[in-house]
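Here the chain labels run A, B, C, D, E and F in written order, and each chain numbers its own residues starting at 1.
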Amino acid sequence: MNPLWLEDTLRRALQEDLGRGDVTSEALLPEGLIAEARIVSRSRGVLAGSRAAAQVFRLLDPDTEYQFLVDDGGCLAPGQSLALLKGKARALLGGERVALNLLQRLSGIATATSLAVEAVAGSGLRVLDTRKTTPGLRALEKEAVRAGGGVNHRFGLDDAVLIKDNHLCLCGGPARAVALARQSVGPLMKIEVEAETLAQVEEALAASADVIMLDNMPLDQIRRAVSLVAGRCLLEASGNLKPEDLPALAEAGVDFVSLGWLTHSAPPLDLSMRMTPLDTNLEAP
Amino acid sequence: MNPLWLEDTLRRALQEDLGRGDVTSEALLPEGLIAEARIVSRSRGVLAGSRAAAQVFRLLDPDTEYQFLVDDGGCLAPGQSLALLKGKARALLGGERVALNLLQRLSGIATATSLAVEAVAGSGLRVLDTRKTTPGLRALEKEAVRAGGGVNHRFGLDDAVLIKDNHLCLCGGPARAVALARQSVGPLMKIEVEAETLAQVEEALAASADVIMLDNMPLDQIRRAVSLVAGRCLLEASGNLKPEDLPALAEAGVDFVSLGWLTHSAPPLDLSMRMTPLDTNLEAP
Amino acid sequence: MNPLWLEDTLRRALQEDLGRGDVTSEALLPEGLIAEARIVSRSRGVLAGSRAAAQVFRLLDPDTEYQFLVDDGGCLAPGQSLALLKGKARALLGGERVALNLLQRLSGIATATSLAVEAVAGSGLRVLDTRKTTPGLRALEKEAVRAGGGVNHRFGLDDAVLIKDNHLCLCGGPARAVALARQSVGPLMKIEVEAETLAQVEEALAASADVIMLDNMPLDQIRRAVSLVAGRCLLEASGNLKPEDLPALAEAGVDFVSLGWLTHSAPPLDLSMRMTPLDTNLEAP
Amino acid sequence: MNPLWLEDTLRRALQEDLGRGDVTSEALLPEGLIAEARIVSRSRGVLAGSRAAAQVFRLLDPDTEYQFLVDDGGCLAPGQSLALLKGKARALLGGERVALNLLQRLSGIATATSLAVEAVAGSGLRVLDTRKTTPGLRALEKEAVRAGGGVNHRFGLDDAVLIKDNHLCLCGGPARAVALARQSVGPLMKIEVEAETLAQVEEALAASADVIMLDNMPLDQIRRAVSLVAGRCLLEASGNLKPEDLPALAEAGVDFVSLGWLTHSAPPLDLSMRMTPLDTNLEAP
Amino acid sequence: MNPLWLEDTLRRALQEDLGRGDVTSEALLPEGLIAEARIVSRSRGVLAGSRAAAQVFRLLDPDTEYQFLVDDGGCLAPGQSLALLKGKARALLGGERVALNLLQRLSGIATATSLAVEAVAGSGLRVLDTRKTTPGLRALEKEAVRAGGGVNHRFGLDDAVLIKDNHLCLCGGPARAVALARQSVGPLMKIEVEAETLAQVEEALAASADVIMLDNMPLDQIRRAVSLVAGRCLLEASGNLKPEDLPALAEAGVDFVSLGWLTHSAPPLDLSMRMTPLDTNLEAP
Amino acid sequence: MNPLWLEDTLRRALQEDLGRGDVTSEALLPEGLIAEARIVSRSRGVLAGSRAAAQVFRLLDPDTEYQFLVDDGGCLAPGQSLALLKGKARALLGGERVALNLLQRLSGIATATSLAVEAVAGSGLRVLDTRKTTPGLRALEKEAVRAGGGVNHRFGLDDAVLIKDNHLCLCGGPARAVALARQSVGPLMKIEVEAETLAQVEEALAASADVIMLDNMPLDQIRRAVSLVAGRCLLEASGNLKPEDLPALAEAGVDFVSLGWLTHSAPPLDLSMRMTPLDTNLEAP
């Protein structure tokens, strides 16, 4: 995680929620009022996003104390507190919604990922994310996938070549496409090709693709692709795969499975923040 | 929708995905290659986000043609095309993922909202969103709620006073809190107070709150709150309400119901972009 | 006040004045030279902007000490010091002009507001600002109005509906306009309508506007509008009103008066910063 | 005027006023509704800021037509129209306040400057601004001074050396200070020194300052400074000078007079925008 | 090349040079004056950066015509014109220095790269850049390397794993390091390890590194590394290699050579811009 | 040096290199691992950029200790350490390349400048830079020139008038051009004119230019220009001058010589960073 990107992203999220300022807290609470709070989970899941959440509050007041009770990747039970906070009440309330929105979404992703990972535990199959992420939050969401035990597919259009059906229809078949790409990129960039048929798998293999994506292939074809490739390149299964499909995929012997729903449809974890005053000072602000 | 905010948000989303540039398209496709594409829905739902999607492609190439086949708020059937595009293949492929990620999420929100709105059709109950939105995308998500027939709760911490339990525990009861707020804000800002008991409803009403949020109240208490208030202020029901709860709420006579899952848990609509080449030119770039 | 917005605004103000750097101080003063300064008022008035001023210096050197001798909203007499500073001479001189430009303007606004507020002291009439603020400084200027005892009208085009003559001429009369607006916005947004005649006041009242702005109305009409409305909505008087008009307005019984000159024409308070060296070190930098 | 800076400044001003969008126009007016408007002066003065105003509207809709009826520096009579606009009603209303706030302030500065310039017409005395400008708007305000016939003092801390009393008290007298500065800066940067006594004028002159600022000097001392210097460097009079002081200053023979009130206290010109619909279409948006 | 990144980079470069505006052109030239110019090379080399240069002028005036006489990667002879321009004289002069500074630097890099590429023409050895680029200009400099016939090493710390001596000293030898990395990253990210000895080469090979960097190895060791590896992974030679070293390296059989001086020390190409007026209008601006 | 500009520039440089994060260090090193490093010179030269380098590391981790062993402007011998660092290993490795890229380039500029300055030591000739700097880094490069003993020409198009051949061809000869400029700018801005012939020198002198640039003049003409001007304005020699030309120029008596190669072609100083672990902790991150 690039710390400068993170700070910039959190500043923008806070600006969005704060706008011209928190009128409620400014009206009701003295500026210096100190309070304590805890963030509590209402459901079972895997935590992610805790460093981002801590920084949200510190951006509003650098003196806010944020004590991590659970680390990213750790399990949460219903009712369990994941963090204790102490600081200016205005900063705690000003950051509450942004911090919870992030934690809930990211922990939801980590939880979904960990379920997928468990479904293939013991096999060599590894669980990948996709680029179907929330615009603006990709790096955090990909970190949440790692917190849940998954690994990351490429981060953007720039860090690996991925030749999809739309490219193939525009530039010719896999052989020509991989050759053009190999000539254009350097030694540190991988080339993946999408294949929908075994013939395309063979062509991509012959063209020395680094990874072949088996897109929407039936299980028996996937098995035959695995035999055909025989370890000469990596194989990724893709295309609307559900958790219950994963064990069979693992058995079929592909190396990776990519799952869009990890990031676009994971149910958020239900969290809340509860405050308690420290001061007994109730004067108007 | 503020057009300057929208442009800025889309630029950041494109930067996130493009990074240092689309290595695949630059390797495979000539710079000037023109192509056509259509965006197709694979499921049933309500469209939202189409102007944002069109602008995504125009930011990469201002000459991209984007023809809207369905307007925001319109219904989509499986297999239905919602837009036709024509322009540089590199710009179409460079914007594809960002445009789809936005359209899928926002149409999912509009679809979920329209289901909630239908559930109370004919009653006076109106469906509200919350601040449980995706950090960075709130204005687009609130617009999607409107496309689905809902209305918007406040946009941030700055455009209305909302006194919640965390405030009440820090600054005293509803009476004192509303009085402090009324003194602090001007005539164009409303004041809402959260109430968990009928006693709090009475206190908030006496303090002349503009809106009272009935938080996690059982239905019979909600009914009694409605009689008690008798139209003297607006009433909003809130707290983990499901679609099946809405008709009874409507009958109980509250004015508004706010639903966090409209924005944090709506399943994305399944959309895809399909390209066809215009040129027969297949030379290397 | 959103602290992230404030920091960003002050950074830009410093960038504007510093450009590529303060050539005079870099030429004349050793980098580490520590100095003391005080900010002194040359006239009588009400202070505003002091937290912004303190932050200006801290942005240039976080170790600058800035001691507030008077708080925002406090009175200043000629010759009175409002702050003591101690820190790197280069940071003090680098921030001087930006800090004074802000303090002078904002204290001028607070002073003008306090004079208007005093003119109606004891009545129920409250003094409002407008959107006739300095582009880029609205949040600070609205805070200065509060420091002077006023309250804030809406902050921008987004936090309340205000239907003015230009809207009415485009979309029909008050009745239709308020109905359209009520249908479009949620329960936490108020609707104000401009009225120039009693007939318009009646129409707006019938349409359930939350606030009616009596624009450029003669005093006797204002009185009749007050009787007509009889507390059923808030009334705001507006339109080139001078301090000497305020007592009569207060007597007439309107709830609010909005005054553009609070922010666009308030004379700046005359302030200066005076430095004294701490070190006797006069070596070249 | 740097066009990139101008665009950036106007975008920020629009963001400040638009926030999350213009709720009134979005509720009342169809998106495509075209309207006409004119900007009219209610008082006598000199125009400035017209290009900025035109760009404000074009940033919201590039197709807005903005016809200049008067150029910057031209005179305005009460009731005179200075610009005709035609475009989307939403864009005209969305930009109205920002454009007027800028035009009023900048024309006020141009008007004040032209009065000062007229007061010394025929003499060689030239009217200068200062750095007492509005944070964020300096380049526009300095352009307004030129529109009114004035010339610009330095633009920031970086484009000229100006040794003031605060520097002198920290680094020794004028001789040492000018020598240090001369050694530090290149051949394209001028050096000005503040002098409060004739002895300091002599010392600064001996040190080969390019410009000497006579700060708060009585008129007879100014006359003696002029004789003493005898054209060997430029002389600037400064310090709370009023319009009525200018003719005597001109006669005394100083080259320049700098006036802080041109930018910090010029009364804004009273302008308004009046719209007329083009379409007869009054359907709901 | 990401077009949004490019625009942002060029805006910043123009802001740096323009500051508060081009005082010379504003003083001397009427705003509407149209002129023609040509950009001419004074030396022999390979062109790069031409699209960036064209955009520099269009950012100042979108109507500027910029005709490319030579494409990136094309050869320039002394005295040869590479572009014709026509547009507002102020825009041409305002963009001149930024455009030339970019073109000179980038063409220098393309020229240096093409000399290195020619030195190994006919062999399989390919020429790589490094991360020793100018802060802020990496994407443009890496594009210039491609224009000169080279290929790109990784673009940043994020798009490939490169385990260098500093990592090895902190985390153990190549075997452990590659294993840790493989476990952490996904299938689309390559792993390169630096090796200074043949033992390290063997260890990295055993750990299945994708690429091994032979750092500062003598030629005979490089030859032995090539035999040892025998095509099982890619080999990159690195470390202060000069053009005259390249043919022997090519013969030794490594796949890639990376050269820091392509970007940090390439002599800039000597270019200039020459203007001619179109109008005969010489009035003052 | 404007500290806010510097921070912004360094943040952008780090963003460029870090992208979405340092995958190597995140894979190999525990987050809290502390290490030490030193930056060592491999060649002889003059240091510049050390404060920027220190801040690079502090932006990634504010607790990084950076001990300056040599100050800017100090001499470096081969093998000499210029800084000691201690902090999180991830922050040291994350900032390494950006810090070295800056230090190498800036120290190269300081070194080249100091050689030019030595070549004219004892004479009154002073060495100037130009605007032929790296886009985005001008303020740092101009500071490096000062570290090497040079002085700065203007910083941009806005802080001095420089009338070049392209202006003269568009607006008439030096006399008219200087007069127009003098009328337009204030007393704190200098005016320089380029002259290629003695006739132009005479014309510029008569027009009271502050500085005359002798562009590409042969040495004998330069000598005659010096006699002609006789100290009545400053003279700058310019145009592809090499170090060996400088002593003769100094003798000819011009005041300044400007050298583009100080910034566009200075060979970078060869520096490296060497790390040592502090902890013996080698656990996986």
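Note that in this section a residue touches a chain if its C-beta (ideal position, glycine included) is under 8 Å from a C-beta of that chain, and two chains touch if they have at least 3 such contacts.
Worth saying up front: this structure is predicted, and the values here are computed from it rather than measured.
Engineer: Under the over-half criterion for shared residue numbers, do copies subunit A and subunit F use the same patch or different patches to meet?
Structural biologist: Counting shared over all numbers used gives less than one half: different.
Engineer: Applying the document's contact definition, name the chain pair with more C-beta pairs in contact, A-E or D-E.
Structural biologist: It is A-E, judged by the count of C-beta pairs in contact.
Engineer: As a test of understanding: of all chains, whose mean C-alpha position lies farthest from that of subunit E?
Structural biologist: C
Engineer: What's the chain with its C-alpha centre farthest out from subunit A?
Structural biologist: The most distant chain relative to subunit A turns out to be D.
Engineer: Taking each chain's centre as the mean of its CA atoms, how far is subunit C from subunit D in angstrom?
Structural biologist: Averaging C-alpha atoms per chain gives centres 21 Å apart.
Engineer: Using Cα averages as centroids, what's the distance between subunit B and subunit D in whole Å?
Structural biologist: The separation of the two C-alpha centroids amounts to 43 Å.
Engineer: If a residue has to touch 2 or more other chains to count, which residues of subunit B qualify?
Structural biologist: 2, 18-22, 26, 138, 155-156, 158-160, 162, 184-185, 189
Engineer: Could you pull out which subunit F residues touch subunit A in their complex?
Structural biologist: 11, 14-15, 18-22, 26, 59-60
Engineer: Which stretch or stretches of subunit E touch subunit F in the complex?
Structural biologist: 9, 12-13, 16-29, 33, 35, 37, 89, 93-94, 96-98, 100-102, 104-105, 131-138, 155-163, 166-167, 169-172, 177, 180-181, 183-185, 189, 264-265, 267-268, 273-277, 282, 284-285
Engineer: Show which residues of subunit E lie in contact with subunit B when the two form their complex.
Structural biologist: Result: residues 1-5, 138-139, 142, 155-156 of subunit E touch subunit B.
Engineer: Sort out for me which residues of subunit A touch subunit E in the complex.
Structural biologist: Touching subunit E from subunit A are residues 2, 126, 128, 151-155, 158-160, 162, 184-190, 192, 210-211, 234, 236, 255-256.
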